[in-house]
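See the structures that follow.
In what comes next, chain A is part of two complexes: it sits with chain B in the first one and with chain C in the second one.
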Partner chain A sequence: MDSEQQSATLSALARVRENAFFVLELDIACSRMEMERQAQKLLAMLELGLSSATTYSTPVGTGIRDADKVRLASARLRDPEKRLEEELWARIAKAEKPPPDPDADLGLEDLPKKPRPDAPWPNALPAFGWGRK
Partner chain B sequence: MLRSVSVRPQYVGIDLGTTNSTAAVFDGDKVTLVRNAQGGSLTPSVVRIDARGNVTVGDRARRFLESDPQNTRSELKRLMGTAEQVEFVAARVKKKPEEVAAEVLKSLRADVKEHLGFVPANAVIAVPALFEIPQSSATSEAARLAGFERVELIQEPVASALAAGWSAEDTSGAWLVYDLGGGTFDVSLLETRDGLLRVVGHDGDNFLGGRDFDWAIVDHVLRETSSAAGCTLSRADAALGPSLRKLKSVVEEAKIELTRAQEATIILPAAFEIGGRTIDVDVHITRDILNGLTAPLVDRSIDVCKRLVKAHGLTLDQIGRVVLVGGPTVMPGLRSRVKEALGAPFSEGLDPMTLVAQGAALYAATAGLDARPASAPEAAAHKLWLQYPAMTSDLTPHVVGRIAEGSGSKPAGLGKPVARSVRISRADGGFQTQDISLDGDGAFVALVELQTRRPNVFKVELFDGATERKPVPCSPSTFTIVQGLTIGDPPLSRTIGVALADDTVRVYFERGAPLPARRTFMHQTVETIARIQGQSPPILKIPIVQGELSRAHLCRLVGTLEIPGNGITATLPAGSQIELTLELDRGGHLSARAFIPALSQVFEKVAHLLVPDASPEVLTKSIADLRSRMGTLRVEATRRNSPNALGRLTFVECAIAEAERDVEAAKGGDADAAQKARRSLIDAEAILDEQDSEKKWPELDHEARLSLSAAASFVSEYGTKAEQKLLQEATDSVERARKDRDAVELERQLRVVRNLTHAAFNRHPESTKWLFEDAASELDRATDLVRAKKLVDDGRRAIDRNDMPALRTIVRELQKLMPADVRERQRGYESGVR
Partner chain C sequence: MNAAFMGLLAAVLFTKVVIALFSARPKKQSKHPRPTDYRLFLIIVLLLLAGGLARLEEGPFRLNDVRSMATAVPLAMFIGMFVVWPLARHVFAPLGMVRTAYYVGYASWASPEDRIGRALMAGAIALHRKSQFDAESASFLEERITSQKGLRGGGIVAAAASAAARGDREGARALFLSIGQLDPRATTREAIHIAYEWLAADAAGRGAWQEVIDLGISSSHVGRSAWLLIQVAKRLLCKPDAPTRNALLLHWLFAPRRRHTFAIVERALSIEDNASMIEDEEENLPTVSDSEGPLAKALALHVALLSMKKPTAVDIVYTARSFDIAFEGDALLSLLQKRAEVIGASRPDDALRRFRDDVEDSLFHLLKAHSIALDDTKMDLGEFASAAQRRLRDETLAVIEALSDAVGNRAREKRALSAIDEWREFAALKMAYERGMRLGGPELRYLAFTKVHTDLSALAVWLFNERGERPIANAMLRFLLSEAQAVGDAEAIELQTKNVAIGV
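Coming up: the complex of A and B.
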């Protein structure tokens, strides 16, 4: 796999793992009220420290859930445009199961990110002569 | 006489207004306005402290506003969060604005106590959506000083929408909440559907309100009186201060009169004394004159509404309803002008003066902020933790519970039986769950059914595991859910970030982010902070800014995290890591935490939240500088024949003229006007900076061509296919921006181009060596010369053994030792991090 494919796969995996429908464990066709109800239930369970609410499954492995993630997912599904985007990614993930990610069950999003092979080095810009006044 | 504490939850909402304050109570069924000692629901936000230190609030204090202004203070809301001291001369005390506001809150709290029969422990206070962080923080502090145990803040337009939504028959469509208060203007766009409310976005003007209407009339009266008397009367004359306050009060009465009558006369005998001559005020004013005087201010508010609607991809004809809030919205001229401009019908039957307080009380219910003091659990009962929505539009919400001790299969506390199952039943007998077994953690999840638009009281029963089930006592044994509205997490109204030493901003929270929110980023110090004990140790400053522009100095400084040299356990070298976490609650209250890994030290609550000072002298100098810059830019824009630029400069000129009027008022002792001028001048400067970019067009254009050329070479050879495609798109956008001479867009697109080039450049096998040589050539500029020299030596050795990973680390370390540009750092609020 070349670096371009690798980075694209990592990005797609992250998008699937963070997908609001998977975070909230909801069907793509759920109503707004069902979404609010589910978010309320999950936030309540997390507040009381119920272990059954702390993880969720996605086509690319298990994710780790916290209250921030539930609130962000709810906010995305309340916004019609963002919901469409989430629907698209959830459909793609369900239709074509992406290759398994070795870090999937570790909740990659909560761990320090691996450097992307093609990621720009943050300090190169000034050293390259740009941005220096 | 005190009544017993209510069996139902009671929710308290407060509108701490610029002119008047109001409290409301919601009992799950209806919202009631709290009457003050005088029997009114509006308590003037006026505080008086006499020579003996006695504090008077409200109507009784207001009577002294004209006769004893040295000891009677009003309109404090606009000073919240500033360092301005409010002086009460006779009592010889100076207080912070939040301390004075706390007196108003204490008074309202006492009124609520009379109303409910108990002292409310918790409340929701409404604040303008565009309040900056220090202002929100000061409001929370005022509530704490007033004795509230827990307080949540709500944005005023959200409160208004909740109140309007609660009483509306049809709750669908897009709503605009137009909230013009005494000192601030807020507008919010809401989406409503089946009782679900979502705040789509906010906009507003923190310094536009009824007070500005009053001053516009005062200015007119001064012009008329000056003309008639052959003298010059100006708000800048500090000696006229007491007379102006009297005049403003009379003007306010005339403004109110003109909501009913077509004309009014402003009469104030011997209003002024100039050169030993007394001057009377006798000015006839018609509703048409009033409308003419206030039209520019109303138009300003309409422009903000249009901007908000457009920003969210809507058109005005898609707005289903406009909710008017605030005293000035009763003015007929304003109503007709707003209706004509926005087109949508107004919500009828709502009281614009008290809607905010009503909504705040409703919000307290959605947040479960019961005002009743917490009752002690029965000793013999199991303590039950319950989570449920105190108010929801859902007819079948979840209730989640967990036994805090002695639960499930685990042993109970001493003498307590073991609970195995739970049953929830509605008090009216219309609904009951089956027996639900508790899981291994002693927890359960249940769905309950609600009756619409009313408080639903539920009873919780625990049972043991014996064959003949026996009830097990629990506390609480009842809870209430109100079926009504659900409101989504409120969005952040302005982007929040940290100013960096190069005058850029590291964004932590984007505008529109749902609250609450928390984010952590790693920064590096730009210089060594020595550990020094004593009077003036070096200080590491981390400025927090609010605003939408990419340059830090064009955003508003809302607080600074300071880490002093005498607070650290060892000297902190340049390039040290600082892990910074910013957290915002639902009301926009900010907290901060800085962790220094090298020292294992944590600095919490280090944010000094303060709106910066605005002295008239500094403001006058800023105005002179801006005028000078504007003159140069105008000459150039005329030479270039750029109508667009000339239009923007005219806008700046108007803003500066208004700021000048405010600075004059500030010289007369109006600290609030000084703050307004400070903000206006920051906005004006941002526009001039934009125009400056336009001036630098040839340079920028040349830079664009160079950047595209470098990008084409690197990205075509070392870029991925995706990067090449992105570069093509960015190149097209650059060309469009060049064609349109759009400097801001061109700079934005060039950032994309450079990032792509940068990524491709790093894949060149020699790139690390080039970067190393570039850094090594700047060795003499390093903040720690000894360390930098050692790194350069290490780098040379790494090149000799062709160890590129080690060389990359060395280059990164060398970069951290490069000093920040002094001028940029000054502009970036002296930030000590990058």
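Coming up: the complex of A and C.
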């Protein structure tokens, strides 16, 4: 995957990660007043440096929250046309995870993983005299 | 007299060894046979040399003595052929002496058709052996590469190595790969070995071990370094034809730079003989229930798809089909209209259109990023996947047409570039064309060929007839011929068969 394509995939994921409803941790049916209150609350928490305000969870992993992100999210939700789009992307279902198998936990996850034999050989070009190590 | 006899005997034996070495090739049809047969010439030189050396036994050299001169000439030829080039390639190039390697390589008679190319090749290898990138030496070489007329394999390899030294891996890869397109008479075995050594090491560095193995399939003369890496790759991927430990050790012993390559050989040796490959953990799309509605399901599948390392065509089509279901009927638009009334939005259909465009765009980028071709003859693609596939085909074809147009227009307007830049344009066009073939299938191949055939023919004919760049023009015609055969264009096959037969 080249860097251009990688950034296209990342930006598609960022669209979900930075969805205004996830940033503000709001339900899509929330009112304008609820949204304003939540934004003010988060900005105050961020100003106080509370660690609980710096992260939020999304279907694509944890996002990092800062004051600019909160202001941008509330601006998007104030505009009804943009809010409609945000609502569409926020209607995401949670993937079902299979229940953990209690017998499966043998502590193997904690063992250091052996590198795959077909892992890249970064020194290949220098080894043949092409380029510098 | 005894000395003369011994000299002759030694010469004959040496010649036999040389002939045996040159003849020790597989009997099957080779893609890269030795360009010119020098054996007879070699025998004559060696016999003269032996006679001359025997003459030395009889007294010192004299300039006015015909027999003395008869010794000096083959001796000089012997030095030119067997001493000067190894000095440039194996002494000055490894020492990073760019200019010296170039000038000494130029003095060599080993490859009269491509003396400059070989000299540039020695210089470009030297460029890689410097502790730091030397921009001045790189410019020195690049000026000579750009001004070279009658470009052949050596010049192309030098340009590729120079691009690699500058850090342009993509450009270097395209140029090194393009060596395979040249007629065997337009290149040397050494140029091919250098190209394949770099390509194999580059692929190994990226962990693309299958690509390393494929290099061995594309050419039977890849050189000892690339051959070692191919055997290593076979063991790392646990291929059925992987060499045994002893066989691999033997390959390693015969390959150059043993101290530097032992690390990877050791890794390959750590795998048991006849071992089976450790499969990747299977990556599947998650199970998503319909309880929250089709749109919620489609979005959940979409984000899971974006997070996958290697999504398959089936994963993409399944996700796209779930969006088709979500968009079926007017349910989504009605839902959006209701929400628009509540929040005071006036254009719910615009929001839905933008959302649709975003999803299509995302699917298109996934197809492009993972080079996945969706085959509508085997799968029911539905609207979203079809739109993404159509966009990918259109974009691929547009790139090929743009590159082809640039080449064709320049040829018709007689706007010349340097030979190496003409070759770079051809290499870029060929790469785009081959990528299009993989992504667009036979339909795109035929459309692209019609366009490329017209434009590339114009360039090749101009290069061949008016500019004397016969080797690279011939390579372009060979590419057109192989493509004409692939798409079954009888007229093009006839035309290009005649053109290719003219030679280099």
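For this structure, a couple of remarks:
As a convention for this text, the second predicted complex is superposed on the first by the 80 of 133 C-alpha atoms of A that agree within 3 Å, B and C clash if a C-alpha of one lies under 4 Å from a C-alpha of the other, contacts with A are read in each partner's own complex, and residues count from 1 in each chain.
Simple rule for what comes next: a contact is a pair of C-beta atoms (placed from the backbone, for glycine too) under 8 Å apart; a residue touches a chain by one contact, two chains touch by 3 or more.
This is a predicted model, so every value here is computed, not measured.
Contacts of A:27 after superposition on the shared chain: neither chain B nor chain C is touched.
In the superposed model, A:12 lies in contact with chain C only, and not with chain B. In the superposition on chain A, A:88 contacts chain C only, with no contact to chain B. Within the superposed three-chain model, A:36 lies in touch with chain B and out of touch with chain C [touch as defined at top].
Of the two partner chains placed by the overlay, only chain B lies in contact with A:75; chain C stays clear of it.
Counting contacts by the rule stated earlier, residues 8, 32, 118-121, 123-131 of chain A appear in both its interface with chain B and its interface with chain C. Every residue of chain B that touches chain A in the complex is listed here, in rising order: 193-194, 196, 198, 385, 387-389, 392-394, 396-402, 439, 441, 443, 445, 486, 488-489, 502, 514, 516-518, 707, 720-723, 754-755, 758-759, 761-763, 767, 771, 774-775, 808, 811-812, 815-816, 818, 821, 823-824. Only residues 94, 125, 128-129, 131-132, 161, 164-165, 197-198, 200-202, 204-207, 209, 225, 229, 236-237, 257, 260-261, 263-264, 267-268, 270-271, 278, 286-289, 291-293, 295-297, 299-300, 303-304, 306-307, 336, 339-340, 343-348, 350-352, 354-355, 358, 361-362, 365-366, 368-370 of chain C touch chain A when the two sit together in their complex. Across the interface of their complex, chain B is touched by residues 3-4, 7-8, 32-33, 36-37, 40-41, 43-45, 47-52, 68, 71-72, 74-75, 78-79, 118-121, 123-131, 133 of chain A. Touching chain C in their complex are the following residues of chain A: 1-2, 5-6, 8-9, 12-13, 15-16, 32, 59-60, 80-81, 83-85, 87-89, 91-97, 116-132.
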